[in-house]
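Following are the structures in question.
Both complexes below contain chain A, partnered by chain B and then by chain C.
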Partner chain A sequence: MTTAVHPYVDALLTGTRDLPTSPHGWLNERRGLALERANALSVPTTRDEEWRFTDLTQLTRLQLRAPGAPAEIAPEAVLPYIVPEAGSRIVFVDGVFVPQLSSTASAVSGVRVAPLATALKTDAGRLEPHLARLAGFEQNVFVALNTAHLRDGAVVVISKGQICEKPVHILHIATQAGTAAYPRCVVIAEAGAECTVVEEYQAMSEDAYLTNAVTEIAVAARARVRHIKLQCENARAFHIASCAVVVAKDASYTSHTVSLGARLSRYDLSVALNGEGAFAQMDGLALISGRQLADTHTLIDHTQPNGRSAQLHKTIVGGAAHAVFNGKIFVRPGAQLTDSSQQSRNLLLSDKATVDTKPQLEIFADDVKCAHGATVGQLDAEQLFYLRSRGLTETVARNLLTYAFGASVIERIPVRSIVERLERAVMAQTGAAA
Partner chain B sequence: MKNEKGPELLDVRALTAKVAGVPILKGIDLPVRAGEIHAIMGPNGSGKSTFAKVLAGHPAYEVTGGTVRFQGHDLLTMEPEDRARAGIFLGFQYPVEIPGVSNSAFLRLAYNTVQGARGKDELDPLEFDDFIREKMKLLDIDPAFLDRSVNEGFSGGEKKRNEILQLAVLEPKLAILDETDSGLDIDALRVVAGGVNSMLKPDNAFVLVTHYQRLLNYIIPDYVHVMEGGRIIKTGGKELALELESRGYDWVVDEYRAGEQEKGYVGASAA
Partner chain C sequence: MSSVLEQLVNKPYEHGFRTDIETESAPKGLSEDTIRLISSKKNEPEWLLEFRLKAYRHWLTMEEPHWPNVKYPKIDFQDIIYYSAPKPKKKKSMDEVDPELLRTFEKLGVPMNERAALAGVAVDVIFDSVSVATTYKEKLAKVGIIFCSISEAVRDHPDLVRKYLGSVVPPGDNYYAALNSAVFTDGSFVFIPKGVKCPMELSTYFRINTENSGQFERTLIVAEEDASVSYLEGCTAPKFDTNQLHAAVVELVALDRADIKYSTVQNWYAGDENGLGGIYNFVTKRGLCKGVSSKISWTQVETGSAITWKYPSCILLGDNSIGEFYSVALTNHHQQADTGTKMVHLGKNTRSTIISKGISAGQSNNSYRGLVKIGAKAAGARNYSQCDSMLIGSKSGANTFPYIQVNNPTATVEHEATTSKIGEDQLFYFRQRGIGTEEAVSMIINGFCKEVFQQLPMEFAVEATKLLGLKLEGSVG
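Right, the complex of A and B next:
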């Protein structure tokens, strides 16, 4: 039996070698390759450029095991997370599909929301080009670990030309402290299809655990996918997630990522605009306080002409928290007439809060428009005085201004109940963040 | 109207203040009684706006001496929000833009906060909507203002009207309007003045800080004070404003300096 070069990774791989083999050879093969890579890779340190500001020492001190069978959760316990607009809901507890909490029967033909095991029976041919393939594990130990553990997951398939009006809600709930879970989501929108997917992470435990998530999204020609990610892990948790998206000709991918939870979170979002005229919009908001760290790395890869991308990443950082943003934009040779913009806006609520933000543009085409900007600031003293002079207390005034800073990201989320939920959460948390 | 026997709302005595270490106010005395309109005029840099901000409690201005009593309470120990709740209103010379906060939500929050502090009923969003639309009609303000962010992208005139709208909503005891007339065209000036005139009651008072006499054609003050060098150097009736308009400020300053020299001479001989 091989062992990993890194003892920590080795411990996390416990059990992967005994996973039941799948009837699908290609899946076994990918898991095997991922295991090989996980064996070879180390946990990154701050000496790695991609992890300069995010120290994983705390995580490696944590003894993690595979989750046991998930505890039974009463349906009432999930009520706070219900998205009333959603047409289907698929719930995973500690990485395992829980049919009792889910509601996956779709009223719309051509829309399938299913756990991986079911999806492999009906849609193996559709999954094969994307599953464990879009999210590369060659150089990323966490994606390799997730892929080596791959046995369950959420699959959303929207058939050609189908429009799924109601959002699909993928809800992950962590309940077991001291465990590592490996959620996987795959979204496939075939040509001309449309859907909105809400990917949400919640906790019903107070103690530390690791969520190591991978999401893969394929947007075929002329299709539109709206992707909302809500990261609300508990305050001691570690959340390390990667999302890989491919966008074909004249297709569109819009993401709204809101990170509120976790002691340490890292999100790698990579979008490849692989077809002419493809479009991506990426909004991000991290609201953190205490000793939280939220690290977002994004990559938009313009490979074809006439692509457009628009990115707005905001952070609100209180206490001694630390936000990191690294936004790469590649414009490949031949990706002429690319139009891309990136804005990084950061609000520091305390003297000890820190932000590291870095745009990284690599442009190899000569007829393109690429705008980028970054700002770091504090609440405006004149705005605070103006509000107080109208009777608002300093706390209310600060909360209102803090919320207003994040509002542009929250209000663009295309699901009303989530906007309202976040408004309440942000107003409540900004009090704590100050 | 002059109201020499009326209850005193504001009593400022020997007020001094500095900003960023520089003394700006050098001893201001000003009594304001209910029912009165006071105009404070003076050249640029005389300290008029500083005085207005000090009364509202701007944290950047440090009071270094004197007292300010408002309805018998020590105003200087109160936070800005407590002053607002007690009935002080500052109409800003440069109203602040607050992107991301809707004007309607802001107005309702301010109204309900101040109402609550005064032991009055708060209004729910629907009730408030009726209430605010009525006020906006009186001030000739486009209802589309409600859906926009506070002052964001407003023209200078729109911002000033929005200040008067807040004034109408909050119904203060003492309104201090800092250069509310600047940037207004003649129609807007009439609307703003009409609003102020309709709001004046026997139990409230206005202090108008202004550089020009123009506003005082529409709002007739009971007292006109001239400020210079951080002091009120002359107080007169409404006719003083007209005289300032035709003769400028220099003669008032000269008169004041001559008076001070006189005092200095008397002081010297007494010693």
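Right, the complex of A and C next:
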């Protein structure tokens, strides 16, 4: 066995070499390739353009090990995270499926929510074109690491034409300090299918750990997927996640990403609009304070004509926190009549807060409509004055305006209980952040 | 595309003639000896030779940058002539200037002699690397303005040059700035003393002539307290098939309440329609708003060069200082442009405006790359950026890379960008009113660039409008 070029990566790869081989040759092959890439790649530094503002030194100082068997969690402990609207729930603790906390049985036959092992029995043919293939690990050491560790994961398959009205809830809970977990989610919506998936990260520990997550979503022709990602890791955690989405002809992908937790979080969301008339909408909100860093990198790749995309990314930055946004829009040659817009809105609440934003357009077709905008600013003094003249205290007025800033993202989330939960979280955190 | 349109698009480079004039060149190649040769040819003081050698030694340790969105074959720095000057002859008046040279300027339409007087423009002519003639010097000298070549300035005003040279763009700033600092041969020096408003627009025509000679101009403009100046730079170059490297450095320093306006029209040879030849224009331009309430404004119209790679920048150090950047970048055929600006806000209540218009036609690639940085102490800083791109033809590319870094919550930063094309319905509307496609395109383009053209001095605005019309008419069809 070779050892990795980078000692830190090498340490994280411990254990991958003795993973049990899967009966599926293609899966073994991809894990092998990913291991090879992980061996060759280094941990990015701020000299890498893609990581210019996000320094991983703190992460590389952590001695991380693979999680042991997860401690038993009482069902009551996960009550605060229950989404009552959800039709099924699949829970992973430190990256491992926990059947006792999950309820994967679905009333609708065309909707299958299962851990990877089960899904490989029923849906191997459906998984093969997507699993460990959509999320490229050639150049991304974290995706390579996750893929090399690939053993478990959440699989959601919606059969052709099925409409899954109730959201599917995928809950990842971190419980062990000093460990690195590699959650994986795969969502496959077949032609004309519809579903809403909630991907949530929570912690039941106070100490540092790493969540290195990968999500792959395939949206077939005319299908619709709504993807809600909630990142509520603990304040010392490192959360590095990648999500790769392919959207086929006339299909639609909508995402709502909310990042509240983690000492350092990084989310790479790339959406390829591979079919004519495909649509993507991506909303994002990062609400951070203290010494948190939240980095969001998105890529919308218009490869076919008539595609539409709309993005709204907001950050609320307090304390000495640091928000980073890099949004790329590619319009490939031939992707005529593309209509794409992107907005990055950033609110700074304190003197030490920092924002680095880079909305980026790369356009190689002439008959397109593309626009992007970015703003950075503070709360409007006139609006504050107005509220105070109505008898609100300075603090309440500030909280209200800050909340209102974030509300435009939160209120668009299609699951009511999550909207309410986030409203409370934002209110609580803006009070602390100011 | 109709045949008329084809003709218009593929109109050969108008200024593609070459002046036969005796030149004295250093041998090809770069070494400490070349630098010593340049320095001794120009009778430079010891400190300047040291400055050059230090820059050269630093350059040797640096790596050529690869981050810009442009592609070109590796440059062989040993295959460049670093010094080339028309043979020195003492000239007492304009009549003694080589008639061949005067004819060149005539063809370019440089206003000199009476023409200069009529146009009210003082021209410091750079022909290859040495200043040949300078007009209006006396009139400017009366109010205390120094406008001369940098070599003269080194000789006559060494203290001023020494004080400011490299103070905005340090010799080790970047790869090409280091190269320039080591081998720069000529350029302009402008000094506007306290309280003086420069009575006329100052203008320099740059022209690259000897084949394979890289041009490494160095421009330094200093405006003291309450002074103001408007400086024009225009460029044309003869047609050659060998790529020519142009790595200039421009430094501007504005003290308290000073105001510097720097306008450029760049129309160097862009290579033929197959992308062969053309100038590599790798320039470092930076202005330092050192004093309170000072202002630096860059306006550029970039239509030439095979590759344009430059970011005229403003360091807003003084409180209440203002930085502006107005740019039109047009690329056609195989041209590549990676241009934009950097606005670094350091002082309180500093303001900056960025208006960038990119037009890409043919198979060209046009990128806007900009940085707006608000330092932790820049309370109340304000920036507004707008970058619009227009694509003509389906094989061109337009990119935007705006970096926004904010470290102060009281700052307000806004960035907007759009991409569009000339719509069929717009052209239809024009035609319906009896205006042909050609003229309609020209009008739409001029409307698209209006906010930038408005910033140009009169003569330049006219030239720029014509240039765009010439370069683009008929690209739509």
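Keep in mind that, in the parts below, the second predicted complex is superposed on the first by the 434 of 434 C-alpha atoms of A that agree within 3 Å, B and C clash if a C-alpha of one lies under 4 Å from a C-alpha of the other, contacts with A are read in each partner's own complex, and residues count from 1 in each chain.
Going forward, contacts are C-beta pairs under 8 Å (C-beta built on N, C-alpha and C of every residue); 3 or more make two chains touch, one makes a residue touch a chain.
In this text, all values refer to a predicted model and were calculated from it rather than measured experimentally.
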Simultaneous placement of chain C and chain B on chain A, clash or fit: fit
Partner chain(s) touched by A:Gly391 [first = chain B, second = chain C, both, neither]: first
Which superposed partner A:Gln360 touches (first chain B, second chain C, both, neither): second
Chain B versus chain C as contact partner of A:Leu401, first or second or both or neither: first
First (chain B), second (chain C), both or neither touched by A:Ala124: neither
Contacts of A:Gln383 with chain B and chain C, given as first, second, both or neither: first
More chain A residues in contact [chain B versus chain C]: C
Shortest CA-CA distance between chain B and chain C [superposed frame, angstrom]: 14
Common interface positions of chain A, toward chain B and toward chain C: none
Complex contact set, residues of chain A against chain B: 380-383, 385-394, 396-397, 400-401, 403-405, 407-408
Contacting residues of chain B [partner chain A, same complex]: 56-60, 79-81, 83-85, 89-90, 92, 95-96, 98-101, 106, 109-110, 113-114, 117, 149, 166, 170
Contacting residues of chain C [partner chain A, same complex]: 67, 374, 376, 389, 391-421
For the chain A and chain C complex, residues of the former touching the latter: 49, 333-334, 336, 346, 348-378
